[in-house]
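Presented below are the structures under discussion, each in the form of structure tokens.
Presented sequentially are two complexes of chain A, the first with chain B as partner and the second with chain C.
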Partner chain A sequence: MIDKVKTKIQQDPLFGYLLIAPIFIWIAVTLFYPLLRAIYDSFMNIEFMGEEGNFVGFHNYVRLIHDSEFRGSFIRTLIWTGVNVFFQVFVAFFASVILDLEFKGKRFMRIWILLPWIIPVIVLATIWRWMLDPSLGIVNYVLRVTATISSPIPFLGSTDYAMITAILVNTWRWFPFYAVMILAALQIIPTELYEAAKIDGASFFQQFQHITLPSIMPVLVTVILICSLWAANVFDMLWLLTMGGPGTSTQTFPIYIYQKGFQEYKLSQAAAAAVFMFLFLLIYGTIYLRNVTMETE
Partner chain B sequence: MKRLKLLVTLASLGALCLAMAPVSLRAETVSLTLWHQEQPPRRVKRYQEVFDSFMKEYPNIKVTQHVQTWGEAYTKTMAAIRARKAPDLLFGIPEFTVNIKRSRAVQPVDEIVELLKGKYNIYNATLQPYHYEGHFWSVPLYGMNHLLYYRKSVFEAGGMDPEAPPKTWTELLSAIDRLRGAGVVQYGIGVPVSKSLAGDQFMYSLLVTNKAEHLFGERKDEIIFDNPRTVDTYKFWKKLYDTAPPGGLSWQWVEPQLALVNRQTAFGIILGGFLGHWEEQAKEKVEDLGAGFVPRPEDGQPGTIYYSNGVMLLTKDKKKREAAKTLIEYLYRPEVMGYFLNAQPGLFLPVTEEAAKANSFWEDPMVKKYAHIIKREIEQSKYGKLYGFTRDEVNPNIGRIAGQYLLAQVGQKMVIDGLSAEDAVKWGAEKMREAIK
Partner chain C sequence: MNSIGKSSVSIVKYFSVILLLLVIISPVYWIFVSSLKPTPELLQVPPTLIPRSLTLEHYYELLKDTNFITYFLNSIYVAMGSSLLVVILTSLAGYSVYRCRYKGRHLFFCMLLAIYIFPRVLLLLSLYPLFAGMALVDNLLSLVITYVGITAPLNVWIMRAFFTSVPTELEDAALVDGASRIQILFKIFFPLAAPGIGAVAINSFLMSYAEYLFASILIVSDQYKTLPVGMAQFLQQYEINWGAIAAGSVLIIIPPLIGFAFVGRYFIKGITAGAIR
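For the complex of A and B:
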């Protein structure tokens, strides 16, 4: 059946285009149109949704540069993304190495580990908010009962702790996804390589350094790229946990854009910030793919 | 015989044609779509019961309710308006109405309001936020406001009269000190400080009691938020915050309620929906719950934030407008409104004197239980105000300010950045001026 389709496409390229047309139309409608519309809106002075506005050129972009809140959210986005990537990849890698070992209950663990990723974000965020509450939450209760702390810690209610707490919750949510990807890469490494290395007297760390790491590097490179792009774009978990607060301590770009557009009713400024974020991530992704994948090859 | 058979056949064919006749030949059914933001299942169920009862009386009008969250209400409504799929009727609060009105989809409801005013005594506080530019833009359906809640057993344990809640700011602080000092409670009062509607609401109730309810001056572009009374209110607020449990920077509505239920705090300035949580969580004698007016300074005034929740008309279709008018008139019948309001007993308050006396309102089991508290709520609501809607003519600029939760943010500036009340209020006023520029 597939061969028949392949032959048909070779004979009649138009048929191939027709086959991929639906997905292209879908991408055009759901991706390109909103993107082009956002770029258009960023050059206007639209405040409320539905208004037409007037053309103002680069005024919104100039305002962004002078907006300390914008600069602050940019820095916070970098911190949020960097630390998320570090924790998520590290924990995912560690988890995948464990799950690659032979032990009783391995199958159950491989399924159970996906739980944080399967549960809807709203449920996760609500559970964590309550668990982390300084007065009513179990985390503070356990810490106090074990005399680890003497007074409750407002994990999400303090500018000192909110960001790192949100990062840890987000890591807990996402690491299973990356663990599964890395585990798949670990599983296709030929065991003969490890056996040969053992015979040659290689230690565990030497095997890891010279066999495991190089073998899974292409997957790790992809995981880091996906992780960083997705982490930079996280809105749901942060909004549900902290709404960008306390103050602006967890206000990353997506939160800033949402608040600007739908709370301050400055839609064009929000669009300008969104375009800026898009360009930043595009440049980052391009540089990453060019340099990191070249090195991998 | 043949003729009879022919007649029967023709009659049957005629009946068949009539049954298959297009809708326009029969009495026309008008469909109304209604969107609202009251998500709890109890409220949705109660609304459906009321609508079902309405449709029984008016079989030619079909009412369909759709529920959305407050978080998505603005974006979803505006998107629907743009797509020409707007609902016919939309529930909302005053600043929401101001914002949606910018789309030009909101229709004046003067004739409906005048009709209802002719029949019922509608509380002016519920109508006033919806009257500007010479028209009414929403018909009020229910109100909400704050009370000061406390546990009588906590008062007793602290040697205080359980029937005498504090009436002034001084008395409140004194009561907190006494109860904490006696070891009866660990904290004074739950203070929501998150950048949210809950934070704004708590703050505004205090501002109203200190006669600092105006954000705008007489001119629409004039911000008068930075005045001595506002500063004093924030100073008092900070004193309350210093007695609050930790984590208030992430608190919204539920946390102060649970803190009171769990005897962590002595007081809570909370909306009436608390009664539902008290029922579910406290599982204690109803007599233990006490409520008083929101305390005010010695030279202040009785007051609370007051939300008049209304229904907007977004349809221009004549038949739908008539059908909507019929529905709203139906909802205003005292016994219907009484039943409708108990979609959330204690939270939704009557907007007419007649509904405030309706048997269907007071006979609800929960309202019966907490009648003494709900009567106090209704009494307090007469002194209710809403920021941005305190002048005779509503200032449309409130829409730009309300969404930023600046009242709560000013408090955050004091707590997070350590600003003085004067500097924090000044910052807030500048942000408001920036917003309306």
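For the complex of A and C:
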């Protein structure tokens, strides 16, 4: 009897479709329509948002390739994303190892480590702009007192430092999120494995190489993928810290597209850049999943 | 020898725990004490690590001279509205994806994950003309509609841990007793999966409460601005009023802190269960 009912509920597709219908429609309107529309717009010549345009084929894409600002923002997106992923995963790993230790208050720490992540970006940007201020900021003060530097560093106001400073601030915001994910993988490693390894005389690094790393590898693969896609997409943090400046020194793709679209109102050009970025992430994601997940499996 | 080795290990251990704690907490501590220092002390070099005198003047100034309260209420409205809708949409969808069997289920789930790739600024390029056509620009509804669309897909994923852990036997028993499936959903399933719903609620609340990109374009007039956009104006002024902006920062943090204190551990369960499969 129960089995019969069970099969009935599981195999009635209408109920299942009915339940996903609302979210499906919502996603279609707010995500898939905009994507298709942007692709369409990128083949038109809408020079000012709100105007009608004509079909111009790949003209906007050709123009992008000849735009040195676009090429620059492409390079900066690669640097921003690559360094962010490296720092975030690196720091997250160490943080997760620390959180995996036995210490007083570990339950509390394992939850509240996410503090930088739950604080709104506008507040984070405020905090760091205040702390990194050349004349009033505590960071410059500490560096000067400890005689590390002789004159104050305009961390966010100089083309030399703005990129790396923004990367470090963004790392501070995101590493806890990934640390929590890696920690979960560390926690399910059976302790017997380490005990057996110790009896066999394995060194700390051998244990790490042969037990820890293989166990957390699947999570690391996921983390690196999510981390790179999210880092490439960061807009709020960069915009509120530097507005892409000084000059164009922190202008990544999202900033470039935002400026083209909503400050110059060149819709078609912005759409072409956005579609380029989408395709780039899509190809990256596909290649990554295909190669890396195959290797680890 | 052995006990010396042990205690040095534990010193290293506590040193690294405290270092991690300091990295996390000190910037937040700094903005908090800054908001309480009187202006001369706030702007003095060297700065005082522990304030010599405390004042609420910045809070008073912020609430009296700026539209902070309006921004605050707008943000709460948008965040509550979005998270309520996200909870409804994702619990229905989550039940469907994890509990029903039908064609295209896997495809639908993959589609939800593919949304990681969508650049948000690309969505904004097309949503802005769309909302303009529907006269929804400069209307908080446009933000709610957008935030639900962006946050819902990933939250289906977060529900996974909770929805797969509710025993199916309970549903089967209720079915045998003649309960309808809608009844089962609301009387048995959702109450048992409540922690998952809490995790989803906090996640979409945090995102909608803090979102800047869409809010900076879709909202024009001051009376509809949300906190991130309202506060960003203060940051973009030539002479930044650090006292008031520090006070505002502290006030902005409070709702996320309260929400996270209640359901933070469920949220962590949600994101980690997604990572380890």
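Here is the rule we use: the second predicted complex is superposed on the first by the 283 of 297 C-alpha atoms of A that agree within 3 Å, B and C clash if a C-alpha of one lies under 4 Å from a C-alpha of the other, contacts with A are read in each partner's own complex, and residues count from 1 in each chain.
Keep in mind that, in the parts below, contacts are C-beta pairs under 8 Å (C-beta built on N, C-alpha and C of every residue); 3 or more make two chains touch, one makes a residue touch a chain.
This structure is a prediction, so every number in the text was calculated from the model and none was measured.
On the superposed chain A, the two partners chain B and chain C do not both fit; they clash. Within the superposed three-chain model, A:I167 lies out of touch with both chain B and chain C [touch as defined at top].
In the superposition on chain A, A:F15 makes contact with chain C only, not with chain B.
Touch criterion met: A:G247 reaches chain B, while chain C stays clear of it. Applying the stated contact rule after C-alpha superposition, one finds that A:C227 touches neither chain B nor chain C.
By the touch criterion defined above, A:T159 lies against chain B but remains apart from chain C after alignment on the C-alpha atoms of chain A.
In the superposition on chain A, A:F262 makes contact with both chain B and chain C.
In the superposition on chain A, A:L64 makes contact with neither chain B nor chain C. Touched residues of chain A were counted for both chain B and chain C, and C has more of them. In the superposition on chain A, contact of A:P34 is made with chain C only, not with chain B.
In the superposition on chain A, contact of A:M49 is made with both chain B and chain C. Put simply, of the chain B stretches 6-14, 78-86 or 114-122, the part that bumps into chain C is 78-86.
Residue overlap on chain A between its contacts with chain B in one complex and with chain C in the other: 49-50, 129, 135-136, 262. For chain B in complex with chain A, the touching residues are 74-75, 78-79, 81-82, 99, 102-103, 193-196, 245-251, 255, 258-259, 262, 264, 399-400, 403-405, 412-413, 416-417, 435.
Those residues of chain A that touch chain C in the shared complex are 1-2, 5-6, 9-13, 15-17, 19-20, 22-24, 26-27, 29-31, 33-35, 37-38, 41, 49-50, 95, 98-99, 101, 103, 109-116, 118-123, 125-131, 135-136, 138, 141, 145, 172, 176-177, 180-181, 183-185, 188, 218-219, 222-223, 226, 229-230, 232-233, 235-236, 239-240, 253-254, 257-258, 261-262, 267, 270-271, 274-275, 277-278, 281-282, 285.
Put simply, chain C touches chain A in their complex at residues 13-14, 16-17, 20-21, 23-25, 27-28, 30-31, 34, 43, 45-47, 88-90, 92-93, 95-97, 99-103, 105, 108, 111-112, 115-130, 132, 145-146, 148-150, 152-153, 156, 168, 171-173, 175-176, 181, 206, 209-213, 217, 227-228, 231-232, 235, 242, 245-246, 248-249, 252-253, 256-257, 260, 264-265, 267-268, 271-273, 275-277.
For chain A in complex with chain B, the residues that touch the partner chain are 47-51, 129, 133-136, 151-154, 156-159, 162, 242-247, 249, 259, 262-265.
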